[in-house]
Each structure stands twice: as C-alpha cells, then as structure tokens.
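Below: a set of structures, written as structure tokens.
Same chain, two partners: chain A is paired with chain B first, then with chain C.
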Partner chain A sequence: MIYLFEDREERKRQFLGGEFNHSLIQHKPFDCADSKEMVDYIKSNYRDAAAVLLHKSYEFGNKGITIDSVKNGFQNALNIPVVLFSGGSNSNLIREGETITAEINSGVMYRNLTCFLDDYQTNGEVCIPLLVYGKNYRLNQLLEMQAKIYSYVFDRKENDEITQTDKRHILKISRAVTDNGLIDDISKLQNWIEERLTNNNPITVLLLLNQIQNLINKYQ
Partner chain B sequence: MNYGEYDIIRPEDIATVEKEMKVLRVSLEEPRKPAEKGLDYSSFINGLLNNPNSTKQDRERIVELLLKERDKGFVTKEQVEQMILEFKGDGGGTIKYGSKHFHDPKRMIGFLYQFSKNDSYKWFTHAPDATNQDFDYEAYVENAKRGFQAIAKGINQYTWNNVYNFIFDTKDAAKDSFNNDIKIRWKDLKVWCMEHRFMHPYYELVDDYTFERYITIFKNTIEFRTDDNNMIFANRIEDFMYDFAIKSSDISLEFLDSFYSIGGSLRVYIDVRQLFTAFVEIGKWIVSNKSKSNKVEFSLDEAEDRYVFSIFHKGSFMNIDDEKLKGLSGDFHKIRNILLNVADWTIEADVKDSSLHIVCLDSQTEYNLNDRKKATVSSANKLEAAQQKIGGVKHIITLYKNIQS
Partner chain C sequence: MKKYYILSKTATVESYQGIFNNFGLIDTEIVSYVRAVNHVFVDNIISDKDSLILLIPTILDPFNAYSYDGVEYALKYYCHFVSTKKEDFQIILLGSEEESAFWKHCDYSSFLKCPHVSYLKNNVYPIKEYLAHIESVVFDMDWTFCIERLKQVNVKKPASYKTHHSITNEWSIYRWSKCLGITNVEIQKEIEDFLYFNYLKAIYSETGTEHSELLYLFEKGKILLIDDEVGKGWHSFFKSFCGRGPSFSSIGDSFKNLTPEEIINNAEQKVKEYNPDVVVLDLRLHDDDFEIKDPMQLTGSKIFERIKAYNKGIQIVVFSASNKVWNYLPLASDGVILKESPDLSVNENYTQECIKNLRDTLMNCLKKSYLRKIYPKIEKLKKLVKQSDYFGDETDVMLGNIDVAFDLLAKSEEANEYKAYSFLQLFLVIEKYVGLESVFDKTDTSVYLYNGSNRYLILKDGEQKENSKDTYYQSVVTFEPPYFIFKRGSYNARFIETFFKVSVLLIFKFGKSSSNELNWPILNKKRNDIAHSGAEIKDKDIECLLDFMFFIFDESNTCWRDIKDAFPVESLEEQIIKLPE
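Moving on, here comes the complex of A and B:
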C-alpha cells in the first residue's frame, strides 16, 4: 500500500482532475499524538506501507512532530522510502543507504502517480524513479546527465582535454544518477574517467561525449 | 541593520506606558484591524516588553495592562494572548538582557522551519498554488512583521538580519550563502504587488529571470536541500572547499565515501552563510599551517537527530598558548561567534605533547547579549584530555535535524 499524506485537498483534486481512487493508495491523516510513540504508531497503523508520499509542509496535529521525525519514524519502523513533495520543490532522486527515495515537485508527482501505482500493481515493488522521471525513467535520468555534461563543456573544443577540475564536476553530475538499475553502468563510466586520468591517458571532450552517447544508446 | 520599529522605544516610554495606553484607549472607541496602516500596536507593545532598559516590574505592569485591554479593540484578543504567552512562557519571544544565555542551534532550526510550515511565512519562499490565489502583499508583510520577533527568538543576530532584510523593506541588502547581495528581494516586488493586487509575484520576470530565481537563492541560504542535485550538501561543500575555503593547489582534499553517501540525502535548516563563513576561517587556519601537512580529509556521519561533519587536517598539530586555547580572543573567538546558535563545534587536536578535545560550542556554552545587535560568546572553551593521539587537527561540526529531542 502507498500512503499519501496531503493536506491540500484542493491542489490534489486540481492535479488529479477530481477525486482519485486507486486500490493501492490510501489518503489518510497522520495523527500520531506523541512523537515518542511514533514507531509503534506507525507499526500499528501503516504496517502494510510500501512507500509514503508526504507533503513537505504537512500540518501535524502534534506540534512536536516534524517532517524529519516522521521520515525517521517510517524508516525506523518499516524501512521504506518516504518521498517528500512540495509545490516549491524541484525533483531529485536521493539514495539513503540502500533505499531510493526522492524529493519531488507536487505537479510532477501527481502527473506520474497513476503509472507509478500501475507499475507497483504489476511488479509488486515500488519504483520511486518512475515517480520522478516517468515511464522511461532510466533513459530520462541518463539524458538529464548528458544534458548537464553537454552544458558544462559547451564552450570547449572537441579536442580539448578534460582536466582534474573538469573530472570533479563531471563525476559530481554523474553521481546524481542513483537508480539501482543504472549504478553499474555509471560506475563503469566513472572508473573509466578516473583510470584514464590517473594513468595520464587524456580524455578529449569528444571522446567523453561519445562514451556517454554509447551508454545512452544502450537504453534507447 | 534593521530590526523594526521597537528598537527606537526609549526607557522613559516604559514609565509612561500606562498614560500612553489610556490615551490610545480613549482614541479607539471602535475596534480596529490589527494590520491597519500606521497602527501597529502589537509591534509597539512588543517593543515595550523587549526594551533592554525595562525592568521586570515594568514588564509585569505592561502585561497587567494588556490583560485589561483584552477585548477592547486596542489589539485583538489573540494578539494580546500571544504576546503574554511569549512573555510569560519558556523564554518566548522575549529576549532577556543581562541574564545567562546558552548556545542553542535548535532555535534557529525552529525559526527557519517556519518558511516551510507556517502559512504566515511560507509564501515568501513558495510558489503559489490553489490555496493562495488571493495573495495580498501588504497584509501578508504586515502580519509577518508582527510575528517575526516571536518566531526569531534567540537566534544568531546575523541570521535574524539576513532573513529580515530579504522579506521586509529595509535599506540593507540580504545576502546569499557566499555573502554576496541577493539582487532582488521582496521589497523590489512591492510596486508590482501593489499594481497586481492578490497576485503572488513568484513567476514575475524581474530582470533576465523570474523572482523564483532569487527566492531559490534565499532558500538555499537557509537550508541544505535535496530537491536539486547541484545544491545537495555534498556538492555544495565540495565546491565550496575547493573554490573558496581551501583554495590552495598544493593542499590535497579527500572526500570520504561517507561524505558522498550521507551528503546526498542531508537535509537541514541552517544559516548556510554563517556556516560557510566559519569554513572560510577554518580554511585560513589550514592553509596557514600547510607546512605541517598538506592533507585534508572530509567525512560525514549521521545519527537520529544530527549530522556530524568533520574537517580533518591530517598530520597537523596546534601550537597555541593556553590563553588562546580558551577561545575568548582572536580567530578562535571570531569563529565561535560566527557559529553561535548555528552549529556545535569541537576540535580534536594534537597539541604540544598531548592531545585534546576542545569543545568550542555546545549546549553549555554561554554568551552575553549586550543589546539585540551583539551576542558574544562569554564562556571559555572546555578542554578535555583525549584518550589517544588524534593524528592531526579535526574540526567537528554538528548540524541538527529538525527533530525535538
């Protein structure tokens, strides 16, 4: 079961085009009375939760309860992803240990919610990247990485060599790809960059971009 | 710096408060709206309650008078009760001068959290949605100003000023994380808001960009966020260390796996500008001691209610005298004041023939508040002998999550 904690009903209806019902989602208030008993409260009330979608500004009845404490509570009680959403947020996948979670823009989340739930129904596992990037979530993550790296080397010539500082920025961009299904390929790309530069084997801008395109071709 | 009207209240106002209130009561036969222009009585009363020169007896007398004024339209019942609650409560919005104060970063966290959860402040930083189609700039700002002192209780004065300058109409610029001016702030949208009543200016084009860009800059000044990969803790800190704090090509910076793994999901409310300013000062120490070692290692740990960030100058050592070790003068004192009410700070260091834990800021650190503009750490660093050699100088910065312990 996916639990949606949204206290802006009007917004929800606006994004979902009216009332929204799906057998795998529950809209339920979070009304834990005592933050010290939160883990037990969660175990009693949300035992079947596979993921939680939590409005970042959710108004809890108990003033001592915060988004961080609820997030910790679900992770400690059930070890499940807690996705934060907000109208003021961008969207980003986050790796917390072995768990993939996200902070996501409300509009993006509601747009992808149906296909996320359908996928969960079909496969029996939650796929948080789908909630952020939509159906072609792996390809979309790689295209986003490619766009950022293109942007970074935009004013370079094809034969320019990647420097150590460039390497730092390119690895930083590549680390944003946290999807479990892409980790191996991203690690290979990172290791290839590291090893070549460590061995004084230059990487030109053109070579780097070709390498990234080859990776993308695999998922197209 | 601008703190609001209450700063100009004179000591003699306290002595004449009863007379003032009687005059006002007579002149206000009909109840008035609290936000009515030119009649910000709650701000006036807050000023009286918090005047550094007022005595305990003065304040108690004001509370007594406030109780009498309830339901008479002088201020609303809710406002009176809120002010009394803050005055009588657990420190509330009242800053007590001359008494003991203790370093407490959680006050800052509670304050900055208002920009996420409190409808009276969140629309300064959020895109409008279906719930606030009638955004009224004037009323919103007036209301926010009225409650500001209560929510900003006990925070670092630099944080106070910077937030105040971004959301209210002041002469001083608001600053971003790097201490540069934020080019556009709310006061610059005032005219637009007046011309477009009940519209939120979030998506308004203000120069080459929409106002959203500048709001985002501000949001990244009060929070380490996780919604944009460029701005996550790990990436911001790594860039800052290379490009600003330890900008020396002959010092090797190593970021451990824990830094990247935990730093990818770290989300805390904090005055990033203050933190970065402290990192610049720590960076200066490291660079000036690079002859001892050119290796710096960064790591990050997570506990239930906090993150612990370490900057380890491996192989270095401290050779400062006992007086300076107290942390009440020079750079030591400067950094303690920068991080006061922002983050805890401990140094583990090899010093001469021994190794020490130097607790620079924790919950027992005291500070003086001479007036609202100047808080200064007043208690000495706590020195504890380390059980084993440290192997260098390690700065340990504790960032708290928004969890009440």
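Moving on, here comes the complex of A and C:
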C-alpha cells in the first residue's frame, strides 16, 4: 500500500481531478500524538506500507512532530522509501544506502502517480524513479550509465582500445541498471563486450560509446 | 587573459585537475559543485575582468541524469552574465551523448543556440582542441541577439502557485527598487537561486527613470504594510519609498508559524497600536490561502473586515501578486496595487506604470487620512444618539443619516461638494431633533419646550399682522446679532427656525446665558451659506459640527433652567379669554 499524506486537499483535487480512487493508495491524516511512540504508531497503523508520499510542509497536529522525525520513523520502522513532495521543489532522486527515495515537485508527482501505481500493481514493487521521471525513468537510468562511462573514459582517445581492466569497470557500471524492462538490452550490451574481447576483437572507445548511444536511442 | 573553470559535482575534482595538468591545461581550475553554487564564487567571477571560460557537464548528478542539472546551472550563469552585461565569456556544455540526442532529451537544448554557448563531448581531447581554438578569440556580444535567443530557451515557470507568488514578490521588489534607484533592498538569496528569477533578470532590461524622485511619497501620515513577504525586501522598499513623507511600519515576518486566526489577531492588534491612516494589505497571508477559492475566506480578507469594523476611515489598499485580484472587489477596498508579475514585464513601461499607480494610490489614500480621525467621532455621535433615544422608532433612520454623512465625506476627494453634502446631512439630524414634538410643542399662538415633565413657554401671544406673512411673538430670548441671549423680548418669523430652536435649547436646556456657544451661530451660518450659495466646507467645519452635536446629544450636559425663567403657563380659562370672539 502507498500512503499519501497531503494536507492541501484542493491541490490534490486539482491534479487528480475530483475523487481519486486506486486500490493501492490510501489518503490518511498522520495523527500520531507522541513523537516518542512514533515507531510503534507506524508499525501498528501502516504495517502494509510499501512507500510513503509526504507533503514537505505537512502540518502535524502535534507540533513536536517534524517531517524529519516522520521520515526517520518510517525508515526505522518499515525500511521503506519516504518521498517528500512540495510545490517549490525540483525533482531529484535520492539514494539513501540501499533505498532509493526522492524529493519531488508536487505537480510532477501527481502527474506520474497513476502510472506509478499501475506499475506497482503489475510488478508488486515500488519504482520511485517512475514517480520522478514518469515513463522516461528508464531513459534516466541509461543516461546515468552513459554519463558514468563517459567520465571513466574522460582522458581516452576515440580510437583507444578498451582493456580487460576497462571492461571490468564498464560492466560494473552497467550492472547498476537493474530495471526489468532494460535488463535484456543491458545483457546484450554486456555480452557484446564480453564476446568481442574474448575473441580478441578489439573495441575502441568510440565504438563502445556509439553502441551505448544506439541502445539509448531505442528508449527515446 | 582567459580564466578556465570546470564544474564537477562528483568527488573527482583532484583527478580532473591531474588530467588537465597532464594535458597542459594547467590554467584550468576545477571547481567543485559546492563552491560553484556559492554566491561569493558567482559574484567574484562576474566582477572578474578576465575572460571566462566555464566548462559545465550537462549532467552533474548522474543519478538524476534526465534532469540535466548541469544545463540548468549553465543557464543560471549565462543569465547572470547577461543581466550584468559581462560579454567576454564562453560556456561550454560537456555532454556524454551525441549532440543530436541531447537536443531530443533536454528541455533546454535550445540554449545551444545562444551566442557564446557550445557543446562538446565530455572528453579531454575535444576540450583541449576547442580551448586551443578559442585561446586567441576575443569575445564580444550582440546583446539584442543574445536576449532574443535566450527568450527562445523559454525557461519554465515554477510549477506551484505559491512559488510563483514568491517570485512575483521578489520580482516586483527587484524591478521597483531598480527603477527608483533604491539600493538598500536585499533580494532573498533563496529566490536568486531560482533559474526562472535569473532568467527574468536577464531577458528584461532595467527601467530606471530620470525623474524617479517625482515618484516618491511626500504626503504626511502613517502607512502600515501587512504582508507575509515583508521580510523579503518589502519593508526596506517601502521605508525608502516613503522617504521624508509618511511614517511607515510593517508586520508579517512572524506569520509563518502562526495559524490564520493568530495572524488575524496579530494584525488587528498592530493596527490598534500603530493607528495607521493607510493599510497596505496582502490577502494571502497563510499557506492555506493558496488553496482557498472564495476570496472572502482569505486571511487578508478577514483582516480587512476587522480593520473596517474597528475604523472605517482607515484606508485599505489591497496589495496583491495575483492578477485575479479583481475577484476581491466585494471587499470594497480603497485601492488596489498589483505586484509586478513577470508575465507583464514584457511591456517596457510597465514597471514605471506600476510605481505610478503605487504612488498615486497611496497619495490619494493619505489625503483621506482625516477619515481615520473622523470615524471615531462619527461612531461616538451614533452612540450618543442611540443612548439618548430622542428619536424613538426613527433612531435607525438617524443613524443611517450619520453613516451617509461619513460615506459622503469619504467621497469628498472626488468632488469637494460631497463635504458640503456631508455637513448638511449631519445638520439634518439637528433639524430633525428640534423638529420633534417631544422637544418643541406648538399651538396656534404659543411654542413650548418640553423637558419630559415640564413645559417651558418660550413664545406666546403669536399674532399675524396685516401685510405680513410673519407671526409676532413675545419671546423669552432676544436676538442680539449674531446670536440669542436670555432676555425677554420679541420674535417674529414666518416659521420657527432651527436657529431659534437650538438657541433656546442652549439657553434653557443647557443653562447657557446666550446661544453663542460651541460656534453655534457660525455653524448655522455655514449651513445657510451651503444651502444658498454652495459655500466650501473644510474638514475643521465638519469636526466643529460634530463637537457641537456631541454636546447637544449628550444627556450629561443637560442643565435645565428654572421653570420660572420661561413665561408662566396660562390656565385654560385664561387661554379661552384670549380666544378671538
């Protein structure tokens, strides 16, 4: 279940168009009375939460409760992503240890919410990048991989050949792309690198970068 | 000389530096992201007289690659350079994709069409080659072309209304201060970080005016600003704008942590303490206000009602960042000042028009500052009239007349006649009072003044003479121009005038020796002058009339003369004897 803590009802209605119902989202007030009992309160009220979407300026009934304490509370109690949204925020993914979370513009979040919930329903897992980038979240992952590989070959000429050491680095970067929808294409890229180098068929920097660009072009 | 900087968000500043040194690019300084976004660094490179070459990766944070955060930073620098007219610079975007792909993916790819912007692969070889190519190039700029191209980048407005509202505030403060040459107004650094704000500064040139001194306020009085954005620069702006004219105070800085009800109470308290002539009032003072559709439910609207209930004479000018401000007209404000929304700055005269409107609106309201002083007197008069209950069932009508007098006074800036109409409207209450049968009772030949238990015979033996429309009476008061005194004599008139009746009241009800009290003869003459020749009325005339009315409607001033000071009341038999045969 996704829990949405939004105290701007008008904004919610404006973006979601009247009554918004989805079996996997609940709109609830956060009415924990005592910050010291936050973890227990969360465990008993939101045990089924897979992610929390929390207005960054949410006004809690208890003034001792802050956004940070709620965020920490959910992470400590359930180890789930807590996405903060706000009208003034730019949208950014945030990596906190193993957890991917985000700070996100409220307009962007509401626009991508349906698609995010549908994806969660289909795959049974929350995909925070989908909430941030919508359907371009895969492109974001590929661009990330591309940028990292570019940084790695920053001081190489186009016709330099990729070495075995380079290969290990590049494959390591590519393994960070774990999205199910990309895994086939990433595997193909990895196999192509492996096979060519195993067969002493050299890969130049330019060829590698072109291959990556071709892969990305599929996802525009 | 050229200075080279490359921006990096990753922890590879040292390694980048090593690579650049190895490649002979030793003059290139690698700047960490943290340092690059610091205002001191930005200010320093802008004021630097050397040519600047900034190399900025299109993607600074690979985890958020699709946001192209590097392009946003590059644009922000570009806007800084354009707004400060620094022309010897070059921005090189370092991309990790084909330029054609960059055009497809990045929302701001048309930035590449701007002069002094290039796109290179993020690799040391093309960088070295390009830097060698531009080493001897002298940068100059066609600003018109540059701004046209920059406009085509079409930087997005902030998505939220609240953020847009903040930007309109900052934008107005920035533009208006520049226009007036006010230099002590600090724009919040938080807003300066918004790309959109910098973009606006770059595409709209400043509009200083040669005669800005004429736009300041010079009318005396007191102005209070109620605005949650007051700390963002409005206080400093208004303080300078008021100059040596009106006093100025503000409230709003502390609103952020208050509930709407607390904000309303604090504002009301401040109004009562400061007692301003003019309140400049923003209507959206709490975050909840950004969700409210009914304008009358806004925190500012409720403050408006409270202030008007406290003193209707305080002029309230609605100060709004929303061009939907016309929805608030049910508030019947005394003026509207629209903050300068960036959308409207397209018209290059718009800033000056805004400031002229600000000046004219405030000056107009300051000229009405007497209303703030008069209103408590109007309220006091209504209270006295109500307490006295002279008018019985007609009391509400009289109170309405007094309200109308105030409304006419409020309109007197439009035409001075309204002040005279207001005077007449108040005078009418006196006329109605002395016209009551419970005050003066008249028979064919006599006039009595009634005090609730006794009848004072004031005029008697009324007689109509041949060839005259006047009636001739024996009177307990005598006219010794320009007023009546307590002395028996005669009185002849076509009808019993208000001047006579009020004079009798002063002498008999209030125990005065003559009616030359509280400027009554002057007030009566003013009334006649207005009615017959349209005489001009001044504020002090209204105040003088009000003071007179306080006296006669205040029961505590009553000091009835002895009944023997009037004519003895004749018995029924005596009256019958006198009847004409």
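Quick note on the criterion: the second predicted complex is superposed on the first by the 140 of 220 C-alpha atoms of A that agree within 3 Å, B and C clash if a C-alpha of one lies under 4 Å from a C-alpha of the other, contacts with A are read in each partner's own complex, and residues count from 1 in each chain.
Simple rule for what comes next: contacts are C-beta pairs under 8 Å (C-beta built on N, C-alpha and C of every residue); 3 or more make two chains touch, one makes a residue touch a chain.
Just so we're clear, the structure is a prediction, and the values are computed from it rather than from any experiment.
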item: Touched partner set for A:G88, first chain B, second chain C, both or neither; value: both
item: Contacts of A:A50 with chain B and chain C, given as first, second, both or neither; value: neither
item: Which of chain B and chain C A:M1 touches, first, second, both or neither; value: neither
item: Which of chain B and chain C A:S151 touches, first, second, both or neither; value: second
item: Touched partner set for A:N136, first chain B, second chain C, both or neither; value: second
item: First, second, both or neither for A:S106, with chain B first and chain C second; value: both
item: Touched partner set for A:G64, first chain B, second chain C, both or neither; value: first
item: Touching partner for A:Q220 - first (chain B), second (chain C), both, neither; value: second
item: Which superposed partner A:R11 touches (first chain B, second chain C, both, neither); value: both
item: Common ground on chain A, meaning residues reached by chain C in one complex and by chain B in the other; value: 8, 10-11, 57, 86-88, 90-92, 95, 105-106
item: Chain A partner contacts - residues on chain C that touch it in the complex; value: 10, 12, 16, 19, 22-23, 57, 59, 61-67, 96-98, 101, 104-105, 121-125, 158-163, 166, 287, 290-293
item: Parts of chain A lying in touch with chain C, wherever the complex brings them together; value: 8-11, 57, 86-88, 90-93, 95, 105-108, 133, 136-137, 139-140, 143-144, 146-151, 153-158, 213, 216-217, 220
item: Parts of chain A lying in touch with chain B, wherever the complex brings them together; value: 8, 10-11, 14, 35, 56-57, 59, 64, 66-69, 72, 84, 86-92, 94-97, 101, 103-106, 165, 168, 172-173, 175-176, 178
item: Residue numbers on chain B that touch chain A, as the complex places them; value: 113, 116-117, 122, 125-131, 219, 225-229, 232, 234-235, 238-239, 242, 260-261, 264-265, 267, 304, 401-404
